[in-house]
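Below are two complexes that have chain A in common, paired first with chain B and then with chain C.
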Partner chain A sequence: MIEYPEIDRYASLDSPMHRFDPRAKVIAFLFLIFSIVLLNDLKLVLIGFIVSILFLIASKLPFHFVIQHLKGVSLFILPFLVIMPFTVKGNEIFSFYAIKVTYEGLRYGILVVLKAFSAVMLIFPMIATTKFETTLKALDKLKVPNILVQMLMFTYRYLFVFVNVFQRLLIAMESRGFKLGTSSYALRTIGNALGMLFVRSYERAERVYLAMRSRGYAGSQKTLVGFKMCTKDYVLAVFIIAFAVCLHIVCYAGVGVV
Partner chain B sequence: MRKEAITIRNLCYTYPDGTKVLEDVSLEVYEGERIAIVGPNGAGKTTLLLHLNGILRGSDGQVDVFGKSVDKVKREEIIKDVGIVFQDPDDQLFMPTLFDDLAFGPINMGLKEDEVRERVEKTILSLGLMGYENRCPHHLSGGEKKKAALAAVMSMEPRILVLDEPTANLDPKSRAELIKIVKDLNEREGITVIMATHDVNAVPALADRVFVLNKRVIAEGTAQEIFSDGDLMNANNLGVPEVFKLFEVLRCFGYNCEELPLSIDEAIEHLTRTVEVNGGHIHLHIHEHTHDEVKKLRSKYEHH
Partner chain C sequence: MHISDGVLSAPVLAAGWIITAIFIALAIWWSKKKGIEVEMIPKLSVMTAVFFVVCLVHIPIGPTCVHFMLDGLLGIMLGILSYPAFFIGLVLQAFLFQFGGVTTIGINTVNVGIPALIAYVIFQRGMKSELLSSRRGFSAGVFGAIAGGVAVLLVAVFTAGALIASGEQFTGVAVALVVTHIPVMIIEAAVVGSVVAFLARVKPELIGNLGGDKK
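Let's turn to the complex of A and B:
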């Protein structure tokens, strides 16, 4: 059976994060993400990191789902922890011949890693607790340019179709004796298959456009949504944004400067 | 006096690469009629259908919908009258959920929100898609997708329904269901139905008149007239319903009939009548010429 990339798999659970109005959710969490990323104080970032974990726990998303997605991201984030201590100049902690490990480097590395993980972990309660199409509709309601929302909608709708087409191509190739590998022959064949996929995508795009025009498409994609903000949505959104602002106030007040 | 729903006069269409797809096509469809367009692959069936709501415009020729030329009327006006259901539901269902897809047409028609919701609900009820409103297209089966694609067009309440290969790639149950839905729409709401198809077994149930298209209109007539013309069928890579073939075989064995039945329903009626006329039984026999006739019949359907 063909497996689809499932970003919506846990969107229908029930948690405070799932019940949060999608529009308020997107705004509040984006605010918090930017706030944490722009901090420059290790202690405050650590607080942000812990709060991110708390939000993640509050979203009740299964642990394995989160880990599965964090694994990929770690590949990009963790190298900073290794590289920074050796490359940033400052007070040496110890040196080994020409290689020096600095205190500032270590601090930077930890800072970057904590910020990055906080941001990624906040994406989960923001995106994975709502069906993706609902998030897109929320973006549309928040006056994100319609053309951008349309592009995201089409990506979301046709990603599955193209994954399906490509997997069928691969299966057809494998059933005629093709073996996936890194030989130049295999790579060339995959290249051909990808080319085929582009051609098919192009043809499909044309047919979809005809179908859209047949139903009156004139440049913008509209839909109906029944979003309703209630008191607890306002409270939660204000709380998150206030927290995000507070982090910076504390930072500028110099309370926790390391 | 029957009112003309669609009139096509001398329509020609050439692909940008110079291939001629339609040459001098003329036909008319009356209101409330059911039309099947049959023809080999690459005969221009889909191209013809795309002209019916002005999506493609012929460089030559004229297409009128309810007496108005599609070249002169705004497309927003035509699409209210003519709804096209495309062959591949994945082309047709481009919104994230079924509800959005059903609402897409009515919203573009400029209807108010409550009217849009009302139409979506009505369509969902009439096509039996209850509970699917919030499903994504990639979570629907092939049969459900096809029904959803039809629903996405029906929510616009067109007076003319155009279907491109409505029964292709469906399992027998979904196919039967779809045929019934289209039949009901025609009978209950008087919707004019035009479909392009290769499914000859569906034609008798779904068409009052059949056009054979192969770049130009080769022939026109009732299903009975068209399927009875063996040379016409062969020349255009077409087949006839299996029931029709079976009764041709029976005729070789001495079964007496003028008009051969095209569907199971017709066959039952036909057999009942023959049995009643012949005093309670049917008489079949083998003569010297029976074998020759059967042989001739077989070679006729081997598509040489």
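Let's turn to the complex of A and C:
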């Protein structure tokens, strides 16, 4: 039915990526993601793609875990590869009656797919190797506006609660013979059920707020986790950022490296 | 409704981040002015979480399935605060499920956040005009359905616009996107309409604000 958002299920493993300081990790990998995504040269993107795979391997996350996540993402990415070769105008590779496959379309399609998969694969060493709570604390230490960090934290925490609540609601409805579908009756019924869910969760939100308020919550939050950067973290972070910058220098210099 | 990384051009991505930053700053400024910013954090987070979970449910339609977007509903219920809610939702979605992209969080928030605000305005205008004031739940349902449907259409149009602004080569993809959203629009209109009608009867204070009414 509904999955739990378990991106950090394997955060307790041990690998160079797991030991990387969360603050440096977030900054370095975000830098690399933006760098690869903004490239326009197919060869350089391919290098970025391979490096992303290497980082993914270095993070030692189980293969099936990564594949399971990538499967869902492909649904959003692969349509580009399917549609673009047919719709972009340019030099034809071959044509079949009115259907034409163009070189430009194929190139754009491949470029998009490689970039998107590189970015997704880099999320694993960045996010999946640390407990999500720790990552959020790292964001707080990096001076991300506190109000946003807190909202991320609370929303994340309540996701698990509402997955359960909603699951229960659906089971209760199905056990009375309800079937999820697109008939007008089904849509109205699910609409009412959702309405009830919103009412209940709003009341819950109010109770949560009052409970927090009575324990002295005044809009800010403090963390007790201390992070420590050591030489290894600096070296790795500088290496990743330097690599990201180099990709763009090569791209602008127009030097073919491969 | 997620544009992946690597599709859009740098100017479009930058514009998305800038607009998003402005709207979030506006929402926080607004909540400070109303004196509800402390209250807003836990309440808005809980509401964001419930919307997020509802959007994970897939409804079978023919051979494929679609999921709720509830874009208009979030706008109708939260008003201006829906914008930061979308932002948080999309950040979590990008990192927890890898749906959408990291670099595109800014523009994706624009594409869902602004239609939600427009839905809010449509709904509020509609309710104020009292065109259909026979029964409260009924008129709320009708305007909710209109706002919900329009929101989905606008999301598709905005996303298509972002694609086309990035390069002409995406025109084909953009057209396909708008067309495939027409059935989603009809389903959304029905569901949002019935949710809003339900809320108007059961807990009308949930529509259009987030606890700022008691002061």
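Going forward, the second predicted complex is superposed on the first by the 236 of 258 C-alpha atoms of A that agree within 3 Å, B and C clash if a C-alpha of one lies under 4 Å from a C-alpha of the other, contacts with A are read in each partner's own complex, and residues count from 1 in each chain.
The rule we apply is simple: contacts are C-beta pairs under 8 Å (C-beta built on N, C-alpha and C of every residue); 3 or more make two chains touch, one makes a residue touch a chain.
Quick caveat: nothing in here was measured; it's all calculated off a predicted structure.
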Original post:
In the superposed arrangement, does A:V161 touch chain B (first), chain C (second), both or neither?
Top reply: both
Original post:
In the superposed arrangement, which partner chain does A:F34 touch: chain B (first), chain C (second), both, or neither?
Top reply: second
Original post:
With the two structures laid over each other on chain A, which partner does A:T87 touch: chain B (first), chain C (second), both, or neither?
Top reply: second
**OP:** Tell me which of chain B and chain C touches more residues of chain A.
**Re:** C
Original post:
Of the partners chain B and chain C, which touch A:R188 in the superposed model: first, second, both, neither?
Top reply: second
**OP:** Please indicate which partner A:I57 is in contact with in the superposed arrangement: first for chain B, second for chain C, both, or neither.
**Re:** neither
**OP:** Look at A:L180 in the shared chain and tell me whether it touches chain B only, chain C only, both, or neither; answer first, second, both or neither.
**Re:** second
Original post:
After superposition on the shared chain, which partner residues are touched by A:V101: those of chain B (first), chain C (second), both, or neither?
Top reply: neither
**OP:** Quick one: classify A:R204 as touching chain B (first), chain C (second), both or neither.
**Re:** both
Subject >> Contacts of A:M212 with chain B and chain C, given as first, second, both or neither >> reply: both
Original post:
Can you pull the chain A residues that chain B and chain C both touch?
Top reply: 132, 153-154, 156-158, 161, 204, 208, 212-213, 217-218
Original post:
What part of chain C is in contact with chain A in the complex they form?
Top reply: 2, 4-7, 10, 13, 24, 28, 37-39, 41-50, 52-54, 56-57, 59-61, 77, 84, 87-89, 91-92, 94-103, 169-173, 176, 187, 190-195, 197-199, 202-203, 206, 211
Original post:
In their complex, what parts of chain A are in touch with chain B?
Top reply: 4, 8, 131-133, 136, 153-154, 156-158, 160-161, 164, 204, 207-208, 210-218, 221-224
Original post:
Along chain A, where are the residues that touch chain C in the complex?
Top reply: 2-3, 5, 7, 30, 33-34, 36-38, 69-70, 72-73, 76-77, 79-80, 83-84, 86-88, 104-105, 108, 111-116, 118-120, 123, 127, 132, 147-148, 150-159, 161-163, 165-166, 170, 180-182, 184, 187-188, 190-192, 194-199, 201-202, 204-206, 208-209, 212-213, 217-219
Original post:
Okay, in this complex, where on chain B does chain A touch?
Top reply: 50, 53, 55, 75-76, 79, 83-84, 86, 88, 90-97, 99-100, 103-105, 107-109, 113, 116-117, 134, 136-138, 152-153, 156
